[in-house]
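Each of the next two complexes has chain A plus one more chain, namely chain B in the first and chain C in the second.
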Partner chain A sequence: MRLLEVSDLEAGYGDVQVLRSVSLHVEEGEIVAIFGSNGSGKSTFLKVLIGTLKPWGGTVKFMERHVEDLPPEERVKLGIALAAEGRKLFLGMTVEENLLLGAWVKKEKAKENLERVYSYFPELYEKRRELAGDLSGGQQQMLSIGRALMSEPKLLMIDELSLGLAPAVVDRLANILTRIREEEGISMLIVEQEVSLALDISDRAYVFDLGEVVDEGRSEDLLRRDSIRKTYLSVL
Partner chain B sequence: MGILPQLILESLLLGTFYAFMSLGFSLMWGVLNIINLAYGTYIILGAYTAYTLYTGLGVDPLLSIPFSFLLGLSFGVLLQRVLIDRVMRLEPFMVLILTFGLDVFLSNLLNLIFRADIRSIDVPYAERSFVIGPVIVTEVKVLVFFLSLLLTGAVYVLLQKTWTGRSIRAVALDREGAQIVGISPGKVFAVTSGLGTGIAFSSGNLYGVLQGFTPFDGGMLTVKAFLVSIVGGLGRVESALAGGLFLGFLEVFTAFYLGEGWKFFASLLVMFLFLLIRPRGLLGGKYYGEV
Partner chain C sequence: MGKYERLIFFLLLAMGLLPPLLTDYWERVLTLSLMLSSLSLAQNILLGYTGYPAFGCVAFFGIGGYTTALLMKDLGLPFWVSLPIGGVVSALFALLIAPPLMRLKSHYFAITTLALQLALGELVANLEFTGGAQGINLPIYVGPGGYLIFFYLFLLLTIFAFLLNVYVERSTFGYALKAIREDETAAETMGVNTVLFKSVSFSMMALITGLSGGVYAYWITYIDPTSMFDPLLSVKIFVALLLGGVGTVAGPLLGAFTLEFLSEVLWGRFPKVHGVVLGLLIVLIVLIIPRGIWRR
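So, the complex of A and B:
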């Protein structure tokens, strides 16, 4: 089944149009990556999907249901979650409080999900009483993803997975995400600058440029395509 | 020694009341990012509520605190939903003018109903006092102290340990982050405004037994709440406590050593100095992540 179906999405800030007629879909259980240069509208796209930015036009269907006019809290309830750009953590609160807030729409299962998230990220358990602001970059990214998992999403969206993180940390995160998909079947939509990583962890990928989808396909196919290799993987 | 223990005790008792009294102001400022110039008059509204219940029905002003709280809560939620939300969205600065107008309106409404005479709530235990070693203290002040402490503690627990409290702190720290996890900022604004106004109203009951009041005393109380928030720093219960105690000590000591007339002047001077030298306040900083 199509979990997410975006058609002809247009969006921007003020008078400046950022997204032009973007269409994209995510199947159930799929990991889909979005890559492209800075300012290509990737983060804006996720903001429109979670609902903190209103689209100018086009439709967003989640599980066959139109959600483009719903406020973020309704979308989170339906099963969309975002680990946002800049992580948007509550830096002055403890790690555990941050996770609990992730369970805002699923309070009755907060305890259970806390254990589940701690099992994926044991270091968050060790640091559960520390302030989120005192964590390292990698731990903050884990917290951001962990917080998103607390609402038991069907679609987990991650903005800038590897930004500012050490390669070893990125590898671990990639492994954990693959494990989560295997164990829980959660679909993911991952925005990633580093193209080799994006293509490595995803089943399919979309290439954004200046707010448009300029290329798409199965990740393994894209990896072999010359245009992709030249532009994004600097292979000559 | 001599008078010193007495002054310290008086400062502690008064300061704790100031802390509770200012908590709502600090909360609304921190979470909604508005400076509510009608706040002091909310306190006076609480005092008149307690006064009316006491003179009309004989209900002890300390027992009618829950009633004042609920009245304030409803008033605060309604006001936020109907008026402040809209203005906040359009132009935050206009909220200052809106609450200023609200202050003028409410104090004049009270004046129409109760007239400008000084009212006081003369509870039977008003004149009783204890002597403990070198100090004398009235029963009323001790009761107000313990109730302020208890209610401040209750607000602390609410903010730290409940889902509602966590959502309030989350919105204060990162509005967009809160939206992402599914919290509706609009609802949190209404709850915060309700809680803050409820605190103001219930502190009015305590204020009413401490001293006489008129419909126009709100402005001075707003300034005090403002000072407590500046000196203590915003957004945490501990900050309000620090700011409240600071104001308590400042007022009691300047009144004793320099004279009653210097009290308000000294407060304003200190507020000015804090804004100049340490605008984050004594404890400010961590709670508001973006600072």
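So, the complex of A and C:
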């Protein structure tokens, strides 16, 4: 089943249009990557999907239901979650408080989900009483993803997965995400600048440029495509 | 309630036993301290836990005070009926203006609330039914307890405000407010209805501030726009809060009592430069203890 179907989405800030007729879909259980240079509209796209930015036109269907006019809290209830760019943590609150806030729309299952998140990220359990602001970059990214998992999403969106992280940490995160998909069948939409990583962990990928989808396909095919290798992987 | 919170709660209850030991002068100082405590605790819910500085919070002090006074004078309602209505009117007014007003943040929000306070003051000064610049005279309270009743009213209000702070500190409702304080967009992304929660927080502040204004109006028996919409009172509330420690349940109390006592001492010793010393105090707090005496 199509979990997410976006058609002809247009959006921007003030008078400046950022997204131009973007269409994209995510199947159930699929990991889809979006990559492209800075300013290509990737983060704006995720903001429209979670509902903190209103689209100018086009439709967003989640589980066959139109969601483009719903406020963020309704979308989170339906099963969309976002681990935002720059992690957007509540820095003055503890790790556990951050996680509990992630369970805002699923308070009754907060305990259960806390254990589930701690099982994926044991270091968060060790640091549960510490302030989110005192964590390392990698741990903060884990917390951001863990917090998004607390609402039991069907679609987990991650903005800039590897930003500012050491390669070893990125590898671990990628492994954990793959594990989460295998064990729970959660679909993911991952925005990533590091193209080799994006294509490595995803089933399919979309290439954004200046607010448009300029290329798309199965990740393994894109990896072999000359245009992609030249532009994004610096392989001649 | 935690250990500290219970201790403070019992200390506040114990304050109720003090009056027989007090001279009229100290009774007045304590009453003023309690009034400032209730106002700082009210602002703490908004600034401390939600991150919105309502620098013109005294607008609600005026609304509560004037509503109470007008109901007593024009409709002949007893004080005990007028006061709660005054509080509710203040809270409802806050709820009504919060959604557009709270689209602004930090300095912009602070300045806009201050403008609201000054505008309301001007409005009240120029309207007929509010008594204009001449103000309103209220009957002097002659019931049981005499003027001690105001000490107890402010004490009750402070205890109420303190309990609300404890609730915010410990409840899931408070978690949502803190999330808004830390990062509003992130809170929204988590599914928190931020407009609703920050409006309720604003309204809680207005409720306590309005009740405080109502009690004050009856206490001083004569109110006018200058005394009920006084910008200096706003400054005092913020100094008390910063001095005590913003975002903690003990801070606002500690700050209010320290400031009021300090103020009394200075007022007596240096009547002419009182304002200068208060200003220096603000500078010193910001430089030496930016997070207050009782830190988060």
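Just so it is clear, the second predicted complex is superposed on the first by the 236 of 236 C-alpha atoms of A that agree within 3 Å, B and C clash if a C-alpha of one lies under 4 Å from a C-alpha of the other, contacts with A are read in each partner's own complex, and residues count from 1 in each chain.
In the analysis below, a residue touches a chain if its C-beta (ideal position, glycine included) is under 8 Å from a C-beta of that chain, and two chains touch if they have at least 3 such contacts.
The model shown is predicted, which means the values in this text are computed figures rather than measured ones.
Per the definitions stated earlier, placing chain B and chain C onto a shared chain A by superposition produces a clash between them.
In the superposition on chain A, A:E73 makes contact with both chain B and chain C.
Contacts of A:K107 after superposition: both chain B and chain C are touched. Of the residues of chain A, those at positions 50, 52, 71-73, 76-77, 82, 84, 88-93, 97, 100-102, 104-105, 107, 147, 151 touch chain B in one of the two structures and chain C in the other. Residues 163, 166-167, 169-170, 173-174, 176-184, 286-289 of chain B are the ones that touch chain A when the two sit in their complex. Considering their complex, residues 50-52, 71-73, 76-77, 81-82, 84, 88-93, 97, 100-102, 104-105, 107, 131, 133, 147, 150-151 of chain A touch chain B. On the side of chain A, the complex with chain C involves touching residues 50, 52, 71-73, 75-77, 82, 84, 88-93, 97, 100-102, 104-105, 107, 147, 151. Within the complex, the chain C residues that touch chain A are 172, 175-176, 178-179, 181-183, 185-193, 296.
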